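Working notes for the structure below.
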Amino acid sequence: MKVHTLGGYEEVGRNMTAVEVHGETVIFDMGFEMEEVIGADGEVDQMTTNETLKTGAIPLDKSIMDNDVSAIVIGHGHLDHVGAIPKLAGAYDCPIVCTPYTKKIIERNLENDRKNIDNDVIAVEKNEDYKISENLDLEFMHVNHSIPGATLSLLKTPEGNVVYGNDMKIDYSPVIEETTDVERLKKAGENGVELMIPGTTRVDAPGRCRSEKSVEVELNDVIDSCYANGGAVVLTTFSSQISRLNSIIEANDGRRKIAFVGRSLKEYTKSAEELDLIDLSDVEVVSYFDECSDLMNKVSNEREQWLVIATGNQGEPGAQMDKLASGTYPFEFREGDHVIFSSQVIPTPLTRANRYTLEKKLKEQGVRLYKEIHTSGHAMKEHHRDFVNLLQPNNIVPSHGHIQKLGVM
Amino acid sequence: MKVHTLGGYEEVGRNMTAVEVHGETVIFDMGFEMEEVIGADGEVDQMTTNETLKTGAIPLDKSIMDNDVSAIVIGHGHLDHVGAIPKLAGAYDCPIVCTPYTKKIIERNLENDRKNIDNDVIAVEKNEDYKISENLDLEFMHVNHSIPGATLSLLKTPEGNVVYGNDMKIDYSPVIEETTDVERLKKAGENGVELMIPGTTRVDAPGRCRSEKSVEVELNDVIDSCYANGGAVVLTTFSSQISRLNSIIEANDGRRKIAFVGRSLKEYTKSAEELDLIDLSDVEVVSYFDECSDLMNKVSNEREQWLVIATGNQGEPGAQMDKLASGTYPFEFREGDHVIFSSQVIPTPLTRANRYTLEKKLKEQGVRLYKEIHTSGHAMKEHHRDFVNLLQPNNIVPSHGHIQKLGVM
Amino acid sequence: MKVHTLGGYEEVGRNMTAVEVHGETVIFDMGFEMEEVIGADGEVDQMTTNETLKTGAIPLDKSIMDNDVSAIVIGHGHLDHVGAIPKLAGAYDCPIVCTPYTKKIIERNLENDRKNIDNDVIAVEKNEDYKISENLDLEFMHVNHSIPGATLSLLKTPEGNVVYGNDMKIDYSPVIEETTDVERLKKAGENGVELMIPGTTRVDAPGRCRSEKSVEVELNDVIDSCYANGGAVVLTTFSSQISRLNSIIEANDGRRKIAFVGRSLKEYTKSAEELDLIDLSDVEVVSYFDECSDLMNKVSNEREQWLVIATGNQGEPGAQMDKLASGTYPFEFREGDHVIFSSQVIPTPLTRANRYTLEKKLKEQGVRLYKEIHTSGHAMKEHHRDFVNLLQPNNIVPSHGHIQKLGVM
Amino acid sequence: MKVHTLGGYEEVGRNMTAVEVHGETVIFDMGFEMEEVIGADGEVDQMTTNETLKTGAIPLDKSIMDNDVSAIVIGHGHLDHVGAIPKLAGAYDCPIVCTPYTKKIIERNLENDRKNIDNDVIAVEKNEDYKISENLDLEFMHVNHSIPGATLSLLKTPEGNVVYGNDMKIDYSPVIEETTDVERLKKAGENGVELMIPGTTRVDAPGRCRSEKSVEVELNDVIDSCYANGGAVVLTTFSSQISRLNSIIEANDGRRKIAFVGRSLKEYTKSAEELDLIDLSDVEVVSYFDECSDLMNKVSNEREQWLVIATGNQGEPGAQMDKLASGTYPFEFREGDHVIFSSQVIPTPLTRANRYTLEKKLKEQGVRLYKEIHTSGHAMKEHHRDFVNLLQPNNIVPSHGHIQKLGVM
């Protein structure tokens, strides 16, 4: 068995690993380097392959170009796992295999992208067996992360079983989804795991991440406080955080009308709605400039009747939060209005500067800020102990990046 | 009206303020400097007044010794508000006025202390009027903090109303108690507030503290995880955090037997039980060495049947957590046991070293650590905005200390 | 005596204080908020007064507009002390008084500015008496800072003496200048100081700043190392740091040709040369685009024959360092070239992002970086003790700003 | 060729590496874990081997116990390189080889230690060839560090040359010693280096460490300032820093009498004097309690005539600085006295607490503090680039520990 570490090792974002067994190769993930990408409505999609390659944002897969690749297995739908598919997958004559929500994300990405590829995208439910080839079988095992449909992939080979998955945690109080399938993992461990490839970005952080339910309660409390004080309320979070968006709808409890503003919010939530992961029947979802403008005009006249959820939580120039703070739309913040950041600042100098600029604009308009109402989706030290205890792998190849960039979402 | 800032200004711990109106003086709080005190079972009580004075741990009240003092008003029962009473109150011929839980704390302190004083301690319910003198009336207004019976004190004087209270927040999702009495505060503001004396330790921290309920959910999740993994589970928190202790009992949900280990835990919880603030009927509470030793012997033989709550969350040498980690009792930690810190490290070098030493001992025994499952009881920036908006004071005298020491509990 | 704190209190940059005695007013400093300004070749000069006012970058002097102002006294030539002169001084019918180097700086600023003012600018040598009016006398006392001609201003009034000066330190090993005139200060103290107005930005920093001579030795060592390794060497520092520039010429010791690149370097050094504070006879000084371009073309062909000093040490977009790193000129960095930052990063998010971007560009080209070869010019705790011990003032009005922004240069 | 990484890999302090070639083994270093040791006058010496083994402070050498070891090569005399010799060397029937100053340190350690060993200790001058065996030759190459006699060891084997040395830097402005022998290193590189084993503790720190000469100038400046202010002056530094001690004598320039107080100071400086590395003729060196007491009594009566250098710069309880601050001797600090720390705080919680306690005691007595007048002896990023460029090794095995503990001295 041979492991090709093509991307996401000693760096972040462009995850890609290939496992070669008996002359056959399976690719895990095809990710995009996130730094330029997060919250940037649309930019990735408009790049050509060549432009993308020049940025260094996608993995270098030359070393396996001549391999016999029988499947591309995708663990979940974040850009650092699916973002390079439109640029790289076409070179491999094999299907892309993933869970249903991830399939939706990939298909939207492909639609938006300039480049056409013709790989099949096959959705496989968790706990079902998928036959890759005569020798290889695949099963997705359910784990918690910060997007629906996150998995640990179990590849069964003649040389023993491989568990791949670099973004996961165990949440005993999740929102809308089940706790990580501890029993299944335990059984996998009992059946023998030859190799485990975990993501170890936050392995040094002591303890466990807060549960998503705990964040929901905190959000509840903040929203109660904002509503008690009155004024406009705008919230921003990561668009793929479908659990969080459910929690917000729950916390609002019908008190205000809800609007989702921004393209990535639209993409991720529409996909989720199709799988009954979120109910958008009472949510106004807008993304084109005119739609956003009209919506914010309405909000401007009914300030205390709306809860606005917008993209751009990292302060990305041009994203919706930046537009709102800059007066791009017919809406102006007033003294005593509220902005809630249900996210964490990605600790790079550029992002810090963007957020600083965004917050400065908001403060100058008298806006009250609520920050870091958030939990990470990445396993910390005690989660890692749990995973290793459950899977009892014979070998571990840690995939990891710098904590500074990854590990927030 | 004249304000004497006797302690707790540009320092922490020994809070004491006196307000003088028309020749009459009211004292607010008589606190003890916390650095030496936190978690130290018993030490304060055994000091004489002279020893205490030498340490610089209690306020210097010489400038008001000859005043006509008509009441000592105590906001809540933390040591930095009540700790100096046994040493200083005796010099004033007037009653001590406080809410019922605070009265219990004060009485236990007095019992334990070497020094006798004979001031009456008068319990006044929140929202009731207490006549201090012909000219002065007092009312306690309910606020959230991190101990039962916390108040903003409203002193009505011929020169206008004074609101004193330096530890408070607004929690829209509290545990066992009500949300801060926003309506009462608003009415107080409408009636006019000449002077407000707020504690501003965390005024620079953006946003609001997490709600106590959010911590409960996080505790739930951590305890679920520990129980799923098995092994001994020990938790440590601040002893006066009665809400937190209720949350723990709730989170345990009858799954394990519960023990409270340590003198301060016993004192604070017994007082709470007398006021129906906690139900100890299913909790074993021990404090004397032999009791603790017997209890831990039992735990040693029934490791997965007990949830032990112990004092000493800051790693104070000699406190129960230190004893447990050092093998003082017939109990030894094993690989895979769990210790949960439902508290925050007070960020002073001495405390950091204590905690480092405690954690090192625990890690060397293979214990898994869960840290900072906690929220502060101190108003942050948006709480302060709320309080000022509600009370609309004509003047503000900020009482404040260094964030490094205060603001954790 | 009345003190008007017009700018530079609880903020940084736009220093301005007015002292009113017996109906007569003396203004100290007219500064510009530095955040937008540092290293920005030319920007300030091209703003109109109205544009400047809108930015909030200059002091609000309305409260003294109707006073009888008899002098504008300037402590030294940094922009946060002289930058607002072209915009504000014209409104006062009185001379501007300063030391000779500061006069040169002011005159260049006035030449470059769109706005004309006709105040006399009077150069007064240190230790000489200048008669402001019948009642008021002025003397400049020599102190160390990070620009030639820095002073403590001693104003003698019928109500007692005032010492103003918010940027100073005592350097027992200075470069090209004398140590702070300790004897003069001591005598001033013995004669009585009614009021002292010191800048206290770094008063919390323990100890003393490193001496300028110590930085010279470090520079020497770094330059020796760079020359031993070979390759192009570019250094960047604050343009007004004339001592530092002398140290660099000294450290180079004729081994390479030296070029100063950038407008602010030209302005500050030409003024210094006129007062014999630096010898530019062997230095090529360029500032216009074509000059810079030609120079760098030469450097490109004689890489190991030049030591280039450039503006833009904070990574300001458009400044010379940014241009060099971006390939604006016919010069490209090569693997193993060296860039020396003889400065400190101003710790604001925007500056950090600028520097991060600059350093990233340089690293991608294989450049070796040497950082923080620098000392601050601002008194730290033990300097402040010295100044207070020497001057023995009856009253102190601390002028201070946030450490984050000030206190670097 | 086989490399045994016995200590100092992924940890600090107990450095030990063994290189095995053609059935013959050479050991490099036998170090002691520093955390418990620094500044602790005498403690190490009084431990038995068994006590030492229990602490985990010395390397685990079981895997080479049966090897044919032909030499123990010691790079320099710090405890993390020589400290385990008294406990471990006796088990190997071979000589210990080192430079002359290191030999002196080892011999003193052996004299003080309870345990007797009978290995020869052979001093070899730098640049001379030492024949270990028929197949193996050794040469010490001169490098800068923070103790005299520091080396890179060049082992010539039939399988190619090995360069070992984990503490080194290049200082172009050293004090009392020469700059690292760059020419020799370059020639070694040209002759071929099969394997390099560098210490990489500070490899992530950008740039280069300040030169020792730059620290001397800073010390000069601080001492000038202290003398100008008057009062007692006490300085503390690492005892093995012979260059620094020379700089202090130089900076004092005969103005005050000098005393060295503490056992480790005595040991290191007496050894240095025997090799003409320091002139102690005008220095009073004391270490026994009564000597120290008498000396400080004298200082007490002649406060402005002495410069006292004492051990205990990390605030170690019981070391001389602690004793001085605690009033152990007939000497008391007065308001305005000065304490200079020519060292850096080792950033572990325990050391921070010790230093905090020491500084608190000093401040309470009114002492003025000057801190971090220091440079590290450990290569930073640009030094490492230099070493790799010079040696051009075919393979690198990085030896490294946590920056938190190592890399200060």
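Order of writing sets the labels: A, B, C and D. Residues in every chain begin at 1.
The criterion applied here is as follows: a residue touches a chain if its C-beta (ideal position, glycine included) is under 8 Å from a C-beta of that chain, and two chains touch if they have at least 3 such contacts.
Since the structure is predicted, the reported quantities are computational estimates derived from the model, not experimental observations.
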item	value
Joint neighbours of chain D and chain A, given as chain labels	B, C
Set of chains adjacent to chain B and to chain D	none
Superposition rotation for chain A onto chain B, Cα-based, multiple of 5°	180
Chain copies touching (chain A, chain C) - same or different residues, decided at half shared	same
Separation of mean Cα positions, chain D and chain C [Å, integer]	41
Centroid distance [mean C-alpha coordinates] between chain C and chain B, Å	50
In chain A, residues with contacts to at least two other chains	none
Category of the chain touch graph - line, ring, star, complete, other	ring
Chains that touch, pairwise	A-B, A-C, B-D, C-D
Touching residues on chain B, where the partner in the complex is chain A	170-173, 182, 206-208, 210-211, 213-218, 220-222, 224-225, 228-229, 368-372, 382, 385-386, 389
Contacting residues of chain B [partner chain D, same complex]	348-350, 352-353, 355-357
